[in-house]
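For reference, chains read A, B, C and D in written order, and residue numbers begin at 1 within each chain.
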């Protein structure tokens, strides 16, 4: 789960990473009050889960409450790469002496954590890495013992961060790594981590991705979600325990297992169609799960046909068929459903479907055939 | 022959008394797998349908000579369960089925097991291993499989079934089918399995199922070029996946151009792998190679 | 540094290990007040750094403040194996359903931590281990990852602790191990760890040895010392950075390096004498260090002769000789000093001593010769 | 020949710019040890009397080809320093001189280094290694040593000097003198050193100095019985030490009857070691065996 900048900073503060003092505002008036409370010059920053907000005009310096009000008026409601700005973060303006880049993530390739540090933060770090790779220092960290003192120190010196404040930088790296591990993050990125005029190290931005598999250890993290403006369909799917992502085509896809669903989307594309979504019912889906999945798709006007592709393992095909029958009875479905069932109890499932076969429910034998039929139907719809 | 599991497998199931553990443990037993013990702390000394239950893996191993453990405990305790299995002298193979283990736990456990144990870790978040006609340790429905000469290895659960199904429906049997799991830090990787298939005299061809994210397929391609003489059919899911979107597997995150399905397909084709665009074509492609 | 029971329990409480509510008292009157504050039945326990206080009458149950006063009167001032009782600890009496033994320490033989757990606590655990070794469960713990959940669980079940409360026992083991590691202990021992009638797990005793090398991480630990009645000579030596232990003989020993000093004591015994102390000046001793060491020994009336045995490495023999000369000038020494110098700057050191050779300062060539001479002089003294 | 260090040693000193590190590092250099670098974070790019200083061991190794590191950093940072040396590719030998490292740090570092690195850790809290005529890495005063054919291994610092002195004063030289340190969790133990002396053609006899506490001497006795053909002279300090008293080395704690000097002497005598009662007799005893 990707956090807003201000949410990530609240986590940094818990671990003792210095962050500028700031306030959240959802209206220009709140922004004015926030600026008054903070005092002095403040930075008004759009809170969106996408990069490039600075270039898009989503970050502005205000010399006081009135200008904060004006900037918030401009920024709130702004569209940045498809994300509408509902929240601004106002924080004390910093005197920047140097801007660093720091991140911690998992390097799947070597199955260890990876630290990336550069003295050239604040700008497009990918461009820095491409143009001057030696300016971007990478180091693997064994998750068994974590980031050691010597590694933090070596990162600071190899990346050529300011030598006079090396210990403070190394300490900040250790705390950010501690946040990465103890808060179960998939990513902790700070760009820029700044050195201030008076020699302090401060996290001026935050990009934090939380591992939702670990929320049982951090029950309060669920609260972060309340700040997000979630797509209603994605929210509905999530609340029903379904893994849903909206796509651009017209064939609704329901399947069990992420790999099979991805593959189904590919095959739909291969035969000339386009999926309108990714919807994985997971393992062990019951009749209810299938009904729920179909109900989610009724909210999507772009769907013209639906493909249900199930290879039963834990999932039983008879329950899937039962769920389809129940959906036909209880929901007003506007599109035909192509169904392919294989694996556990497939024979029983096909038998159940036989009773409802019509122009609206079309059983097929193979995945490819299913894709072809669903695409054909979508073209007609 | 088969790899990882066969008639010599003596299986202990960690979490046998849970509903999932019980269902799949006994389905594995019904298939002929030698299920010798279950482990549930606090239930030691009881039995479940004739299978003795122990408080710890060490006790189960001491009493029954178990050499393979299947981990079926909830995500919050699964990493600890893997450590327990790896620490038990005698457990050679650990098959971790559990889905939803925190990534930080996986990273720590993978590295610690590698540093301190000779046990082979398969998974977590994988369908397990099936050696048709010999043993099944995992959740793959065994009736779709057929004993034969093709090795299957896959990052995706249901696509593994799909691949097995395509082979079996053409009368092509399998030596062993291995689901390595799609999590960020899987235990064994493609290379480990490919190496075993190469060394297995009964395996004549290999089916490898990849997906977007990471560079495991690219690493496998380099290994195939250098070490494999057997024909490989490959499939990679996620060709049309939008960049940067998560697709249910935490593993399936695309970063920049690396990790795309296209890049993986190209890497595999470049080393002679027959890459198909559609899982339905897997059986056909293998038939053409045998 | 060995802690008193109540000090160890204060550390347990920090980590969340349940301990009975209690108070310290140094007078019978304080004991009465403590008993009033605690309420109900209280146990009055002598605080001494030695085992066997129960058998010696140092632990008594009081049914209220008056009896607590009476017991404290008996126990305070009592001598237990050479230790005078200055402090009693009063705590709420517990309803004991079962008594366990638990300890965590380092097994030097395999270089890993060792957990020892038994369901037969409360009595002489060494006898239990000797008579029924299967009742004492041992398990090694890799310090790299620490005590895992499965290990705590296996310890509980293998040691046959109560099954109904197994999770609580395992949690207590984890917390005690956390104390052992995070508080830098050489030993954490709880005998008994009890199961109460109402199913709680409580540490009824504590034996904690702190690693003084780690005090830089725990600056507050130094405060524990204020409760100890330290031998004045040992205290004086400690304050001067000298490693001193009082022994029973008449030959004072000063040397550099624990091994050399131990060896010197052995050789003194070998030639028929007995050392009055162990005094290690450590590496890099200066003239002051030697003067300080000699001054410490002036407080010991049992000393009849002193043997200074130095093999200079970091330590320079000329500075040692200088220290002896200064001590002769500044202190009133009541005994002769036999001096053996070798190693770094030994020639210079012997040259310095040549100026003060007398019946009171006798240079010798070898360690054995030094021992023989010192023992001979002690016999005359 | 010599063990651990010789003419091929390329030494980096962690903490060379501290007063102790400087004194001993340059005394080692003066003896002929090839001191190639110092490491002090923050002082990288400077030099000390012509020896280049680096910010990290990895940089020092990359720039100078150092293969041996001596750790001379304060106790609070020494465990981290050992980890750094062990992680640096190319560092084969780590000699940790620092005294006063917390026991918990030592336990963690010892096990982690063993699990993840092939580096040999000597110490901490040891006088180091001296191969007379070849190299000195540590704090042993080199002028007391003489090149020759006796190997010395000891848990105690000053008793090492004493033993070397007794040998040299009788004209008996040494191949290598190794102080393994008296801390609760030393890196290499007697057995590791005895094994190297046994394999070293130039070493004809061995002097082994033990002390009360632990069971390292008893373990060594078993090893001597099974693997050693060369004569050994042993000495154990602490015969008259009162039970249960600490004698300055945290290691020197007696528990019950095991770990006593008498038990150690008996164990060594039982496997043919010539055990002397008095360090002054070491030279005589060795002379009788050669």
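By our rule, contacts are C-beta pairs under 8 Å (C-beta built on N, C-alpha and C of every residue); 3 or more make two chains touch, one makes a residue touch a chain.
Keep in mind that what you see is a predicted model, and the values were worked out from it rather than measured.
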Lowest number of touching-chain links that must be crossed from chain A to chain D: 1
Most remote chain, CA-based centroid, reference being chain D: A
Pair exhibiting more inter-chain C-beta contacts, C-D or A-C: C-D
Chain A and chain B, separation of their C-alpha mean positions in angstrom: 28
Averaged-CA centre spacing for the pair chain D and chain B, given as whole angstrom: 47
Centre-to-centre distance between chain C and chain A (centres being mean Cα positions), rounded to whole Å: 56
Residue list for chain D, restricted to those that touch at least two other chains: 108, 112, 115-116
Touching two or more other chains - residue numbers and ranges from chain A: 142, 144-145
Arrangement of touching chains [line / ring / star / complete / other]: complete
Contacting residues of chain D [partner chain A, same complex]: 41-42, 44, 55-59, 77, 80-81, 83-84, 87, 108, 112, 116
Complex contacts: residues of chain A adjacent to chain C: 144-145
Complex contact set, residues of chain B against chain A: 20, 24, 75-76, 99-105, 107-108, 110-112, 115, 127, 139-141, 144, 154-159, 161-162, 165, 182, 184-185, 209, 211-216, 219, 235, 237-242, 245-252, 256, 261, 277-280
For the chain A and chain D complex, residues of the former touching the latter: 142, 144-145, 148-151, 153-154, 157-158, 163, 166
Complex contacts: residues of chain C adjacent to chain D: 106, 108-109, 111-113, 126, 142-144, 181, 184, 186, 211, 213-214, 216-217, 243, 245, 247, 255-263, 265-270, 274-275, 278, 280, 283-284, 311-314, 342-344, 366-368
